[in-house]
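In the two assemblies presented below, subunit A is common to both, partnered first by subunit B and then by subunit C.
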Partner chain A sequence: MFTGERDVTDQTLAYSPLVDAKRVRLKRVAAVVVALAIVVVLPEILSNYWLRTFISVTALAIGSLSVSLLFAQLGMVSLAQYGLLGVGGWFALRISHGLGVPFELALLTGGVVAAAFGLVVGLPALRMRGLYLAIITLMMAGAIQVLISAFGFPDGGAGILGKSTGARIMMARPQLAATDEAYFRYAMVVLALCYGVVFLHMRGRPGRAWAMIRRSEVCALAGGVHIVAYKVWAFTLSGFLAGIAGGLLAGGVGQLDGSAFPASQSIMLFALTIVGGAYSWMGPIIAGLMLRAFPALLNDLGVDGNIATIVFGAGLLHALITAPQGIAGQLQEAAVALRKRFFGSSGAIR
Partner chain B sequence: MRWKTALCTLAAMSFAAIMSGGQAQAAENAKCGLSNGKAAAGDPIIIGGIVSVTGPDNFSSSGLAAAAYFKCLNANGGINGRPVKYLMQDDAWNPEQSSQLAAKLIRDQGAVALVGNMSFVDCGANQGIYEKEDIMVIAGVGVPRDCFFQKNYAPTNAGPRVSNTKAIMDLAATYPGKIKRIVCIAPNIPNVGEWSCTGAVSWIKKQGGDGKIITFDPGSLDATSLVLEAMAFKPDAVSVGTPKGMAVPIFAAAEEQGLADKLHWTGPASLYNLDFPRAIGKYWDGKVTVDMELKAADANTPDMNNWLAVMDQYGQKSDPRDTFSQAGYLAARVTAETLLKMDPAKIDRKSVTAALRSVKRFESDILCAPWYVGDGPRHNANHTGPVAQVKDGKLLPKGQCIDAQDPELDDVRAYEKTIGISN
Partner chain C sequence: MIEIDSLTVLFGGVRGLNALTATLPEPVTGLVGPNGAGKTTLINVLSGFVRPASGSVRIDGENLDGIVLHKRAAFGIRRTFQNEQVVENLTAAGNVAAVLDNVPTGGRPRQQLIEAALGFVGVASKANVMGANLNAYERRLVEIARATVGRPRLVMMDEPGAGLSQEESEHLRSVIKSIHNYCGAQVLLVDHDVDLISATCVATLVLDFGSQIAYGPTAAVLADPKVRAAYLGIVEEGA
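Here is the complex of A and B:
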């Protein structure tokens, strides 16, 4: 039963049983092998429809990672993250069209500018938490929506807004990833890099500081943690990840549409991050799959894709009532149960 | 979400939403393709279509009409014996989904062309893949600017910019020398709003007049402020380039100020809706004109009646009989007639694209002027159409067709000269 903050905030400070180092190494090697197999094999077997769907899934997984970073590490709710995707996409497009820079540079620019926006979004977090912070960030998502609605996305024109008066120019993809197959692999590598950045933070000083802040800001202060700096850094990093996701989306389609970044999508992104499992590395990937692959599956089967929203609502209720660790937590529990069933109570291979 | 709803209603900006309706009688038997009454049973030819069914509004009647026409075609010999397998997909107003569907239709299903497309997001989202795969899209309804600036996208409609320009030109012709300053009001939707007014303003400036564009957030419409802002420019005419739902409060605000007799009021095809005269009230009787992009459904001409017959015999009862539908019918008809001239054994994407680009003159009594595809860098072949007037609670066509003199169409006209469409 989900009983509140205690259950969900002590993840990183929880006691971890000692495990066999060899087994951990084996698991890591297995994980890398599986990831490489996915990167190499998946694009070869997917149809073009699913290939494009999975490009979006990958970008949205990074967006969800930006949400889970704040929620799982700091206990902070940001409902502006999808708007930050739009910010990252806007600047990536503008830089790409305006200066013709390589895709990587456009992507990084989008990330950096979204990080700056993320910092601004995070400023209220220095003084407030919970519902109030959620409302403030949602208002910021609304403000971003208004700006994007008013100005649209750059499409190759001149001037600050980059609006074309003739034909729309598509954002150039990376030279090595011009095809959908290659771009999907490219997006997977970017996703892995984003995970790497987050894991490095979690295992280093920022991760320890965030864990203390989450448990008690007073304790963290007493422990010499610079609360303002670490909070601001978390929001900045989260904004950076969202911006990268927006740039990847822009590269996938070649452009972005002004109607695609409403504030409501930020709520959806947050909700599905919770349903997917904000405390597990699997959660953002599951959230990305739910956001893009599930509606695509329904469409492919000829079922109204909007039904997905109803399923998501039920999933969120389920997660809040019975599965605070989300689908990822349930999968992990199921894996443990299976291991116990087949390999004994310790779960060790006999 | 509110502006998305507005966006959907703005669909009507490129077309009349409901034709003066249904009075026209369907012809006895629908005529399609070979019209031999024999069902086609050969190897199917795949043709796709992207429309928006789910989302803020059902924006699909062009695709439904194309589907009905191809059904009729298949029941009448198909493409020289080969049936058309028409795959209509729903992009749900979502650019990502639209892009996925384009990949599915073109690369996975092997469509030779896309026909009857009708979407706000398709043109922008799929420009890249259409060009890369060199597939022609004979769209039914194009609304954003992107739909009229692509080599591979040829809509049968005129678009909101041409429509606004014609509306102002008609006023200027009706009141010679009286229309010198105009105001065009539009929602600030990217690639639609301001662009849709620029043609009318450019035209009036070319005539020595002046114009002003007022854009507003459709999510927070303040009609009185808009009217006052427009009046501050001291205009001779105002074009209300909004969906009908937003236009009604603007006309109400103008009525409160008693402005109907002080200046002239008009609007693009987005206001061409059966309910519009009733919605704005008797005060505006004979005082508002509305542009049309295609002729009225009750024209009782052969092709108009054939469209109605196709819809009655091969469409669903619930399928709309509106100008979106007319546009989809025209798109399917021109495609089918082009394919019929080809060797059925040699129909593939490359040959179909080349054949469609070679369409230099397509005529129908639904259109005011010949339509074409051609091999130009962009397509806006429909720029001539009638204008209607609000009279006795109805929208009555004024008769003559008007050719939009939008400076943006200069390159289109230059191309038309090379293929002999205009002199």
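Here is the complex of A and C:
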């Protein structure tokens, strides 16, 4: 039963699905090459307008990742995530202006404070789920909206709120990434790190515990899973990601607009995460593109960017009716179909 | 050893268990009774899902009141479900690993324990198959693997034999009979299949209306006229 060579200590790799190892390696190499090409080349060819758009896209992809983490892993709906972006942005701006700390520290502070808020948002999830959880998290997003629009974001002034009366001061970007090109690359690295954190969780103990909880709570209890701890941890981690997204957004623009974080944006973020595909790694990136790049594209073409909202509504209907795996799922299906067509083999990737 | 002392469970005004007192020392014990007799309720009390109104249960001398819910699996109380609860988006091995995360490994490598558990129930070749792609019987076996990994004291099975083919049923019997020798755990088996109970259980406890109506060696208990009347619905000729 115990053959020596199977006794590897690496638990994460040992149970990956049985697929051709060579092909997987080739795929990984290809993925790394593509990712590097995007990080190196894309910032060079984009105009200033599109650079700033793509910085926001990257930040919002992290925000969408925080939504999909809760939805795909635990089946939980949080409609407070965009509010948590605002919280993260607020504290990142405040500490950056107030203490002049390096950008990374400001970013992490935003993440940690938003994680604490995320924990509070998650507390009702210990008792309720589905529609009721959605409503209560939406109310929390509403509360955050009220606070932010009442007090505004810090912009270099004095006092606890840090509001200046004169000229607004921009948030200091990281020294390594002062230009838009460099900051876009920086943001993409942060996005990759966030994905890394989420993947480590999914493939490790928390991912298994979340899967048990999602199956059913009796199943998790019988397996000895500390349900409260793992639910709270999921919401905390999700809040942290949202906070990082907010800080990254603040660094990209240099300041944040107090009216830009209404509760309705949280609903939009959730809806587009579903449209993008919450169960796939591609989903949050697609959601980020739809949230920022699509309206920017419409503007660029001289069309009113608000038309995007109509398209999103149609997209959501489409996703709910025909594509439960979202656009990411459809892309994967299309890739399989293409491979079958051209290589004739069974192109199944799962 | 399970020691149950005047255990009472109330569901509103209904008594799920009525001052049940029993001592179950045998390695494989059957638990039978008509529908609503309190079999699943007893298992749920041991799992901690149902809080008793009064009374206590001790396992290996330890009072269960002192063990919080999520620590019971680590203490050694495991179970399978009447409706299987295999996680569909984890592999068979991942399912076992998810339980092993929370129970003592005794210092042995996790990989080895997982393979041993899957090998024990006979689904070693399915280790990397997703739960969603396992058939009904394989799922049931994966549940048993989950329940036997990492030093269990008590493995409770709620109707594991329902809806199996002849061949599967025979395999299941051999698995149930070897659990005690494999991991040292006591087995508590709830099933309506009297053949399965007689083939596997050394002793059997019969419940009716939440109370014990018989306990003893399985063959003797099943032959008891009181049991036959209550459970099998057979009235002795001439009675």
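The rule is short, and it goes like this: the second predicted complex is superposed on the first by the 329 of 350 C-alpha atoms of A that agree within 3 Å, B and C clash if a C-alpha of one lies under 4 Å from a C-alpha of the other, contacts with A are read in each partner's own complex, and residues count from 1 in each chain.
As a working rule, a residue touches a chain if its C-beta (ideal position, glycine included) is under 8 Å from a C-beta of that chain, and two chains touch if they have at least 3 such contacts.
Model, not experiment: these values are computed from the prediction.
Engineer: Touch check for A:296: first (subunit B), second (subunit C), both, or neither?
Structural biologist: The answer is first: A:296 touches subunit B but not subunit C.
Engineer: Touch test for A:224: subunit B only (first), subunit C only (second), both, or neither?
Structural biologist: In the superposition, A:224 touches subunit C alone.
Engineer: Touch check for A:170: first (subunit B), second (subunit C), both, or neither?
Structural biologist: First partner only.
Engineer: Does subunit C touch more residues of subunit A than subunit B does, or is it the other way round?
Structural biologist: Larger number of subunit A residues touched: B.
Engineer: Going by the contact rule set out at the top, does A:159 touch subunit B (first), subunit C (second), both, or neither?
Structural biologist: Neither partner.
Engineer: Which part of subunit A faces subunit C closely enough to touch in the complex?
Structural biologist: It comes out as residues 1-2, 6-9, 11, 14-18, 205, 208-209, 211-212, 214-216, 218-219, 221-227.
Engineer: Help me check something: in the complex, which residues belonging to subunit C touch subunit A?
Structural biologist: Listed in rising order, the residues are 47-49, 69-74, 78-79, 81, 85-91, 93-94, 97-99, 101-103, 109-112, 115-116, 119, 124, 127-128, 130, 146.
Engineer: Give the list of subunit A residues in touch with subunit B in this complex.
Structural biologist: 47-49, 51-53, 56, 146, 149-153, 155, 163, 166-168, 170, 180, 249, 252-260, 262, 264, 292, 295-296, 299-300, 304-306
Engineer: In the complex of these two chains, what residues of subunit B are touching subunit A?
Structural biologist: Touching subunit A: residues 1, 3-4, 7, 54-55, 89-90, 92-97, 99-101, 103-104, 106-108, 120-121, 124-125, 127-128, 146, 149-150, 188-191, 217, 219, 377-378 of subunit B.
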